[in-house]
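What follows is one structure encoded as structure tokens, with my remarks underneath.
Every chain is named by a letter (A, B, C, D and E) in the order it is written, and numbering of its residues begins at 1.
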Amino acid sequence: MAQTTFGVGGLTYDHSKRQLPQELNVLIALVLIVAAFELLGRALLGDSFLLNTRDNVDTFFNQARLQIIILQVSIVGIIAIGITQVIISGGIDLSAGSVVGATAMIAMSFAQVATVNGNPNPKAVFLEQGWVDLPVLVPVLVGLACGLLAGLINGSLIAYTKIPPFIATLGMMVTARGVAKWWTKGEPISFPTEPFAGIGKGLMPVVIFLALAILFHLMLKFTLYGKRCYAIGSNEEAARMSGINVERHKVLVYAIAGLLAAVAALVLSSKNLTAQAGMGVMYELDAIAMAVIGGVSLSGGRGSIVGTVLGALIFGVIISGFTFLKLDAYYQEMVKGAIIVGAVVLDVWRQRRRGTRG
Amino acid sequence: ETVGVSMALFDDNFLTVLRNGMEEYAGTLDGVELQVEDAQNDVARQLDQINNFIASGVDAIIVNPVDTSATQAMSDAAAAAGVPLVYVNREPINVDTLPDNQAFVASNEVESGTLETLEVCRLLAEAGTTDAQVYVMQGELSNQAAVQRTQDIHDVIASGDCGVTLNIIDQQTANWSRDQAQNLMTNWLSTGAPFDALISNNDEMAIGAIQAMKASGIAMDQVIVAGIDATQDALAAMQAGELDVTVFQDAAGQGQGSLDAALKLARGEAVDQKVYIPFQLVTPANIDQFLAKN
Amino acid sequence: MSDIILRTEGLTKHYGGVHALVDADFELRQGEHVAIMGDNGAGKSTFVRQITGVERRTSGKVWFDGREVDFPGPLHAREAGIEAVFQNLALADDLDVPSNLFLGREKILFNLGPFSILDRKAMRQATEAALKRTAVKIPNLGNTIRHMSGGQRQCVAIARAATFASKLIIMDEPTAALGVQETAQVENIVRTLKDNGESLILISHNMRQVFDLVDRIIVFRRGRIVANLRKEETDGQDVVAYITGAKSQNLAAAAL
Amino acid sequence: MAQTTFGVGGLTYDHSKRQLPQELNVLIALVLIVAAFELLGRALLGDSFLLNTRDNVDTFFNQARLQIIILQVSIVGIIAIGITQVIISGGIDLSAGSVVGATAMIAMSFAQVATVNGNPNPKAVFLEQGWVDLPVLVPVLVGLACGLLAGLINGSLIAYTKIPPFIATLGMMVTARGVAKWWTKGEPISFPTEPFAGIGKGLMPVVIFLALAILFHLMLKFTLYGKRCYAIGSNEEAARMSGINVERHKVLVYAIAGLLAAVAALVLSSKNLTAQAGMGVMYELDAIAMAVIGGVSLSGGRGSIVGTVLGALIFGVIISGFTFLKLDAYYQEMVKGAIIVGAVVLDVWRQRRRGTRG
Amino acid sequence: MSDIILRTEGLTKHYGGVHALVDADFELRQGEHVAIMGDNGAGKSTFVRQITGVERRTSGKVWFDGREVDFPGPLHAREAGIEAVFQNLALADDLDVPSNLFLGREKILFNLGPFSILDRKAMRQATEAALKRTAVKIPNLGNTIRHMSGGQRQCVAIARAATFASKLIIMDEPTAALGVQETAQVENIVRTLKDNGESLILISHNMRQVFDLVDRIIVFRRGRIVANLRKEETDGQDVVAYITGAKSQNLAAAAL
């Protein structure tokens, strides 16, 4: 029973009682919510939430629903990955949604086709300059550059002027929203080129989301970058005294968050075949909620990408489940608020029962 | 039959009338079930809602587009799943390439702003003004109706159809909101610049402006105030002699029309793919026709 | 003189109206071990914070290793060769023991700049070795520092400072929270440092410890250095007299 | 020079170098911004921002502008007072804006007149029940009860389930927005009674705002309540170990914040003579920004109502200044973001120079 | 027996796999002063946290003042009459000294429930008096605790516990950060408590202090109580032998 493998000095440590990973709570919440929808569906509608019940399709699961559950949270999920690493390193990013809007507008204006149905593209911003039918790399690079810039500004403000991240990114939120509207005086931009439209087609958003999730999971767990995120989020003063260049790291963290917001913007505008100044409004709040539901601590130093992905799935299941149950839209919002709270309550409660808190 | 409805947003005066019209009408039909979702002004959310409808196997979908330039992706999604789709209230950008089992019942925002501005011109001319100073209040700048209605004002000025010269002193957004409009108008009044008319993108902002002017003691028969929507509040303000111009759009009619089209498409019947519903100018002269409508 | 590793001249720090450190002139020779003693609030930690760049001084000059220095932050002090155990320990509460020990100096498997892959196994093993020297008992090195007892935390901080080579080690009350055994062990570590010729500044309230370990004792009182005593020429009574102000040398304190 | 009046043990303390109140920074920022607008106005428009330049009025200052500067931030200012005490006690309230929306809808539906221009009121919610032309006390009490309820739910969740305030109030934000839309299925409610309309008439919002500001300033500075807010925000664990009933206090803090949101809702709907489900959206972010600009620390334990009031005035000056300069709305937003950031940068910078930070 | 103020039976606390406290049987008589000693991580602070309700125990029973108790929080322990100086001090960093001293027990001018008006002047005066007893020097009581030195903080915590009447005082390493003078002063305070007949549990690593102040010494080792020694029947060497495990009494530790 008593093992001492992980300690020094020969103290009793009961290895069998090692703490289960925190993400388990989130997984349990996810399963509970899915089960609730499945049961309610069978009881109220006589229909199944996850399994296929249509005769014209012969799959076991309702494929369309499984896909939309994750597809509809992929884009906010990409933002949530960036926000997760920001929160772990002790910050917050309120600007992500607005950066998505601004980036989508600017990138999309470099992704326009020259003619629509034989007529010159009515929505092309740079038609006169002839910047149409450009290779897909152009809007992608332009978009990433926009996100990077926004992130660098956020990061530099936070690192070097020491203002609270809440304020720096709130300022960026207001400013980026202004830029998004100013770019075309509020006019939406449509009709992207075929290759650009390919970025967000079909299940591409899911693929991009999951690939990024895996990448950042590895980065946070196994690299210097990750270790420093946790260290700075846990105790910034200690990290600084230990010789970590806290300022440079923060700039990097926010720059990466900006890049991820840009990726989200590219996927979003490609998927919708349009860019609008109002795109992405409030996405940051959903993204933060996903992270926190996934066990990321808002005071920094704790959390994981796996948790955030599970948190995103909870959101996806909720949205699809409500539509499945034909719940009135008013009640949807009311219940959604309650479920967000409920998922976190479950997490806190299980952690306390295990004695790691209080 | 189940019909999925995705509304651009719920807390909008006009769209609420449209939605309620649709739901009331569905209540009178046998075996028709509506499932109404709120896209909360987010194009991406709207597309996801359509995909959720498809996953739930609805018989037809009605979309009140958040933005008409985002309709291509929605048409593609519905067409791929073979579910009929009807756009309501706002004309989709892919209007000329709609698949066979898609249609729209909408009005053209170019009309609303144009009717509003021309009536302001007429009233100014009637009052003998030739060189008019006007303020323009815009809706949310990222919103298409706001952009279009403002553009209409500029187009009327540029076209020369307006008998008088309109000089825009300042053009600012009050985000569709009565409260912001009150604040904005008070700020304008604090500059002391004289003006003859206020052209607003909707009635709510026009009413906010009126409240600010009344609080500053401006005689309401000296200025012309114009809005769009013909809401109950606006009609009451018009009866009180404060609001001079508004523009009516048959919300409930559009709701019914779109549902009819959706049901027909679901049953494989033929429909008119394009149905335009015109805007109508409301003035104190014809207000009685509209009192019981929106 | 090239054998002077650290020198300060007129080092002063005011916090608003609080004159925490006034006109400190201090010298430390290469390989010398010096203790700083003094009442609570006498300015000892403040002195350390000015030298290591944790705070910016109000006035005065510092020479380290032959050059005049003004470290903009502790990172620079460490790079120049000063290791410190601060009174507040400077540990990251949410990280485990090896991560804290190697904080800012992680072992790397592949170098990819900021995205270098960590060598977690090597760090764990080095941690066990380093902690054994302090005699501390920690049941699970994978637990976060937040859940360690006061003494366990302190041992981690000491092990960290002692593990990495440096030109000057500063310890601010390193054994305050330690048990009998652990204290003895840490004192052994200090003796090893002496044998290796490393310079040390030790802040401590423990008279026995100070007389056991150092060559020279500096006494702070009310922000000023009031005594500079060679161990052989003084005793506990004498030091206490300086601490309480019953006695005073003809240093800057003459101005008091 | 050396005084020891404020210490024990006879240590040197130079009383003359006592730190100036932190609010001074905010005041300086305010003055700088006003000066900037005054100068820009004179340079670009040949007009004065603050002084009267109209011949038909004979006051020294431009009274109308002074009034609107504060009037337009009074309602968000009332919310900011509530949020200030929440932040000082270590929390955050994202639900305030949505609670305003829900409260305005519910309260307004009890403040309807029976007839409009001779016709039965078309917007009256309870016309059939005959609940029209009720005394003004009814909607006021109903509104306050709504706000109180929302605050009590927030507070109880945070205090007793220990979930992060960010999440509890985010949940409430979503739920309250749902309630606001559900109440009348999205229809706005207009035509209130005369006495109800009086609540927000003219400069009443300013009077209410300033009265509440003074009340809460005194409360935070001189009562047990205030001391406990600061104590809990500074170190919750210590406060608990010292025998403060942290849970009960938190419930009280959020309940009061809810009440203040309700007051804001009453004033707002009365001032506009209407209630709409979308009212109050994002007010919480403005309110938080006002508090932080005013020197309230988002990590709790520090800040004051005086600072928040000054922060609110900065907002008011910015809005009026932009309109005065006829700046395009796009640029307004961009510049507003920068000014929010700039005001806080100034504050942080001055604090550091004085040596109280770092 | 009615003169037993505190008794625990089988008190046990596990943190996940860490058995921090195992089967502690403990008794304290009215007016008795007892010291707890032991290595770092031996479970001393854990024991205190279970008694004062800061944490919920895994198993075991506690009797205080004649009744079986299970405090849901420190507030209840304090109301029942237990004052504690915790190792982490439990101070509010952003408040000034008087506010911290009276934290949770503020003096009131008018009683208006939670909105009572504070008597700030009375609190400041009482603070000065309380701190004088500890001999600490604090230049400006209006400064926030965040800006105090380690020893100043500790003195504030001690002054707080000593100021309010109680049935049992627990001090977890109260003099760890204190200077020579301040330590002597605090030891005087403890002696006064003895004279007033108040019961005390003192955790300390300082052998001299323990032998000076208490009647009985309890030794913890690896979470278990391994010795219960009357001061007269033991000496420093003996205690160290128990701490290091060289010796062991026939207590529960027999199971080891």
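Note that a residue touches a chain if its C-beta (ideal position, glycine included) is under 8 Å from a C-beta of that chain, and two chains touch if they have at least 3 such contacts.
Remember, it's a predicted structure, so these values are computed and weren't measured experimentally.
Under the contact definition, chain A and chain E share the contacting chains C, D.
Note: the chain lying farthest from chain E is B, by mean C-alpha position. Chain geometry summary: the mean Cα position of chain C and that of chain E are 28 Å apart. A straight line joining the Cα centres of chain B and chain C is 71 Å long.
Here the CA centre of chain B is 32 Å from the CA centre of chain D. For this pair, chain C with chain D, the centres built from the Cα atoms lie 47 Å apart. Residue positions 10, 38, 141 of chain B are each in touch with at least two other chains. Chain contacts: chain D has residues 9, 11-13, 181, 185, 329-330, 358 touching two or more partner chains.
In chain C, 15-18, 41, 88, 136-140, 222 are the positions where the chain touches two or more neighbouring chains simultaneously.
Residue ranges of chain D in contact with chain B, taken from their complex: 47, 53-54, 56-57, 62, 64-65, 67-68, 71-72, 75, 116-117, 119, 122-123, 180-181, 185-188, 190-191, 201-202, 268, 271-274, 276-279, 319-320, 323-324, 326, 329-330. Within the complex formed with chain D, the chain E residues making contact are 54, 73-75, 78-79, 84, 86, 88-95, 99, 103-106, 108, 112, 114-118, 120, 128, 131-132, 135-142, 160. The touching residues of chain D, counted against chain E in their complex, run 4, 6-13, 219, 222-225, 227-228, 230-231, 233-235, 237-245, 249, 252, 300-302. Chain contact summary for the complex, chain E toward chain C: residues 15, 17-18, 37-42, 44-46, 87-88, 136-140, 143, 147-152, 154-155, 173, 176-183, 205, 207, 222, 240, 243-244. The part of chain B that touches chain D in the complex is made up of residues 10-13, 15-16, 19-20, 38, 138, 141, 170, 172-173, 177-179, 182-184, 186-192, 204, 207-208, 211, 215-216, 231-233, 236, 239-240, 291.
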